[in-house]
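A, B, C and D label the chains in the order they appear, each numbered from 1.
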Amino acid sequence: MSARVGVITFPGSLDDRDAARAVRLAGAEPVSLWHAEADLLGVDAVVLPGGFSYGDYLRAGAIARFAPLMDKLVAAAGDGLPVLGICNGFQVLCESHLLPGALTRNAGLHFVCRSQRLRIENADTAWTTDYEQGQEVVIPIKNMDGCYVADEATLEELESTGRVVARYVDVNPNGSLNDIAGICNEAGNVVGLMPHPEHAVEILTGTSTEGLGFFTSVLKKMVLS
Amino acid sequence: MTEQVHTSVNEPGDERPGADPSVTDPDLSASEPAVPPVDVDTVARAERTPERELPYAELGMKDDEFARVVEILGRRPTSAELAIYSVMWSEHCSYKSSRVHLRQFADKAPESDALLVGMGENAGVVDVGNGWAVTFKIESHNHPSYVEPYQGAATGVGGIVRDIISMGARPVAVMDSLRFGPPEAQDTRRVLDGVVRGVGGYGNCLGLPNIGGEVVFDPCYAANPLVNALCVGVLRPEDIKRAIAPGPGNKVILFGAGTGPDGIGGASVLASATFDEESHQKRPSVQVGDPFMEKVVTECCMEIFAEDLVVGIQDLGAAGVSCATTELAAAGTGGMDIDLTLVPLRDATLRPEEILMSESQERMMAVVEPAKVERFLELCRKWDVPATVIGEVTDTGRLRMTWHGETIVDIPPGTAADEGPVYERPYEPPADLGQLQADGPGRLPRPATAEDLRNTVVWLVGSPNLADKTFVTSQYDRFVLGNTVLAMPEDAGVIRIGDGPQGIALATDGNGRYTRLDPYAGAQLALSEAYRNVATTGARPLAVTNCLNFGSPEDPGVMWQFARAVEGLADACQALGVPVTGGNVSFYNQTGSTPINPTPVIGVLGVHDDVDRRVRMSFNVEGTTLLLLGE
Amino acid sequence: MARFIVDVMLKPEILDSQGQAVARALPRLGFEGVTGVRQGKRFEIEVEGPADEAATERVRKMAETLLANPVIETFELRAE
Amino acid sequence: MARFIVDVMLKPEILDSQGQAVARALPRLGFEGVTGVRQGKRFEIEVEGPADEAATERVRKMAETLLANPVIETFELRAE
């Protein structure tokens, strides 16, 4: 039986089908989860996809985090369930305090869509073991509110405990502090990532297939555990 | 949906033609105490007060057009009926100036096995093989984008996307073709920045990849930018939906956003003419978009289609409820009863005339069999989409509307939807054409030295029309949905359909300067450029959409440009064997009496049997031979 | 130094999609009885010199030309 | 019916890119002497019933949990 990876759809989620495709290409079975059903359907891991849940009205991720399913997810994440929040998913994870800090308006104040070079800074999280520490990958980024901010103490802690998972290289597209593109929680099972690995899983439609590693990593972790 | 050329009647404050204080309906407020005493112009009253004057001229209606309405109804129209006729017979709904010319697209249409739905519906549909069909269309939102660039452009995207949804398709990509004034002009900054943010803000939030478009700068667009948005959708041929309301007893459901006072600058003249009330004298003529609402409406529609819950569906565009009800009824069994009081309002003070003319965005109207209504509403609740049954289909041949129990509309719907006026406007070449054509490139100095040549190249490369467009394209999501095979900086966008291997290619092109010099050839050049851009990706061109941006049709020079451009396009489509499946005409693009360069923007759709074999623009294999094709 | 507050709100007749999204979300979060939410912008502006007539006029001009979009928004200005 | 205003501003230590963009644009438009601009949000909330202690408490809860993100923002609440 292959691993089952849930993909949550909130009203306004956009990349949910893409995340499901990436899960499938990685060799797992995608399971779609509806925000209003408080049931994780026994999945082995969860992806919160990109998009504009609730139109990003108020603040990106602010309304989605109150979804009935999110209570379940917060509890399960505490018990070690691997969770990957991509873009809007990252914003939801910050709003629900599963991850520290917040994502604010891009420093340039414009939506930014580009192929972005990243360095994987932590290859030990549930979602990054298929990468080498320090490996550089190119995957798309596309967001309006991607500027990662946190107070100094939090930044200091993230840096000193290796919880910065990925960093922008060459160009910082949104003004994120310390060029942060992704972070994880203390246990390393919850990862938030601004760029979109699910858009770099096929040569035909992406600029590379270098995003697939996020999805294959979590499968390995599940096989091992 | 389409744009409204707003008759500017923003300040009707001091003159209220037709206000007749002697006429009141005392019984109404008594019977409905919860409602403020509303002074409604009912059909009964229209019969009683034939002499009452109505502000039809302010609504853009000519004397003879108004006379025809009176003839059709056998009495004066009520103010609500006048609202319907004035908007349905307006240029952009009735195509009254362009219709006689646009016929050529059908008359000269080449044989095509692929064509499933041709011109006349919300958008054309073509069969692309392997059990898939594609629907696409381009539309303008020029004037609103000058008034309020962000919202104008955003709602332009929203409108064309709803057109595609109403064909029963899932929208899968958008494109935008833009024209601005000179980049150094102060106002261009405002307009360009707002328009690009608006196209991106709406399209990105809907999750539709932007796979191409154009940005052109020319002084003629300084006070009249062009914002043309294209959307393409995918469906199964057997799932095509139409804008029809058949079957008496079927329910009419309005769903999506509430109705507010958006874009009813025109309607306020009716309200203030009929009712002496200050709050109705100033209504915004800008429409504001809510892309999140459109996204949930889209997903809701997809589930509704998947369960086959509608017999007819129509989006609410420029003419709102007026257009949807008259067109659905006219194309169905022929009759419909609507209770306008049931329309969910964002502003409780709206008058029935205003409800009829409101251009509030993100609204759809569906016709649903009674047994399926509950499931329909259930899916709407799932997606948090407000939905209300507001009436039902009848076999009376009349469109009837009531307001708090009083009949305020009773018309044969076809007369509003299909029997609008048709003009054969006079046309002749613009006076300065000969002079323009005589001013050939031969008179220009040639670069004489290597240095001159270098300077010319540098000047060209640095010119805004050739410069890098990343400022624009980086604000658009081209990756979402995961099927984008080619997008910027390629000459055509290519997307995969289903799980592949088939796909489609799309390009839009237009050149106002060529078309100004020779509208016949200019339109053909635009078509052949788009055709080539699609073909060079390896696709087989299949169908054409077009957005015809011109000045005032009342100017014979403009009308001539229009007639010639349409003729050129129709002839070229015939020669190339690709039918026009739909499009849009935008007139009155001018500043004072100076029209823009005539700017037909042509979109061509092609098919890929295997997108893996798409050809990129870049030379990516070493040692290949370069060949130049053509003259 | 003078400090001004400029509150910018959408005109009442203009659709406030953000405010409506918040209003729709509230009951789900257990907040009943909210009959309306409107969302606007608030600017805090600090200018050199005293908060006199001239300064107020300058900030008003700023609000009109940059902070608010007069086509769809209105603003209120006050010194603090 | 009671009406409350909730002003939400970024904490001073958080980069306010929108406010900064406004501040940068001002001199270009001929407005000199502006030493600082901060941009925040303003909410107008209407609730059923009187503007009493209980209503205020409910709106405060709303502001804390939804309208402001305490990680980066502070808010002020007042009845109107």
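In the analysis below, contacts are C-beta pairs under 8 Å (C-beta built on N, C-alpha and C of every residue); 3 or more make two chains touch, one makes a residue touch a chain.
The chain lineup, named per UniProt: A = Phosphoribosylformylglycinamidine synthase subunit PurQ; C, D = Phosphoribosylformylglycinamidine synthase subunit PurS.
Please read these numbers as outputs of a predicted model, since none were measured by experiment.
S.K.: Of the pairs A-C and A-D, which shows more C-beta pairs in contact?
M.R.: A-D
S.K.: Taking the mean of the C-alpha atoms as each chain's centre, how many Å separate chain A from chain C?
M.R.: About 34 Å, centre to centre.
S.K.: How big is the gap, in whole Å, between where the Cα atoms of chain B centre and where those of chain D centre?
M.R.: Chain B and chain D have C-alpha centres separated by 38 Å.
S.K.: Provide the C-alpha centroid distance between chain A and chain D, rounded to the nearest whole angstrom.
M.R.: Chain centres of chain A and chain D, defined by C-alpha means, are spaced 29 Å apart.
S.K.: Measure off the straight-line distance from the CA centroid of chain A to the CA centroid of chain B, and report it in whole Å.
M.R.: Measuring from centre to centre gives 38 Å for this pair.
S.K.: What parts of chain A, by residue number, touch at least two of the other chains?
M.R.: 54-55, 57-58, 63, 66
S.K.: Do you know which chain B residues sit against two or more other chains?
M.R.: Correct list: 290, 292-293, 384.
S.K.: Please list all residues of chain C that touch 2 or more other chains.
M.R.: Counting only residues that touch two or more other chains, chain C contributes 17, 21-22, 25, 29, 39.
S.K.: Which of the chains are touching one another, listed as pairs?
M.R.: Chains touch in the following pairs: A-B, A-C, A-D, B-C, C-D.
S.K.: For the complex, which residues does chain B have touching chain A?
M.R.: So the residues of chain B in touch with chain A come to 197, 200-201, 204-207, 290-293, 295-296, 299, 382-384, 473-485, 496, 500, 611-612.
S.K.: Help me check something: in the complex, which residues belonging to chain D touch chain C?
M.R.: Touching chain C from chain D are residues 1, 7-9, 19, 22, 25-26, 29, 31, 33-49, 58, 61-62, 65-67.
S.K.: Please output the residues of chain B touching chain C within their complex, sorted ascending.
M.R.: It is residues 147-148, 151, 257, 260-262, 283-284, 286, 288-290, 292-293, 346-347, 360-361, 384 of chain B that touch chain C.
S.K.: Spell out the part of chain A that touches chain D in their complex, as residue ranges.
M.R.: Residues in contact with chain D: 58-59, 62-63, 66, 94-95, 97, 100-102, 104-109, 147, 149-152, 175.
S.K.: In the complex, go through chain C and note every residue touching chain A.
M.R.: Residues 17-18, 21-22, 25, 28-29, 39.
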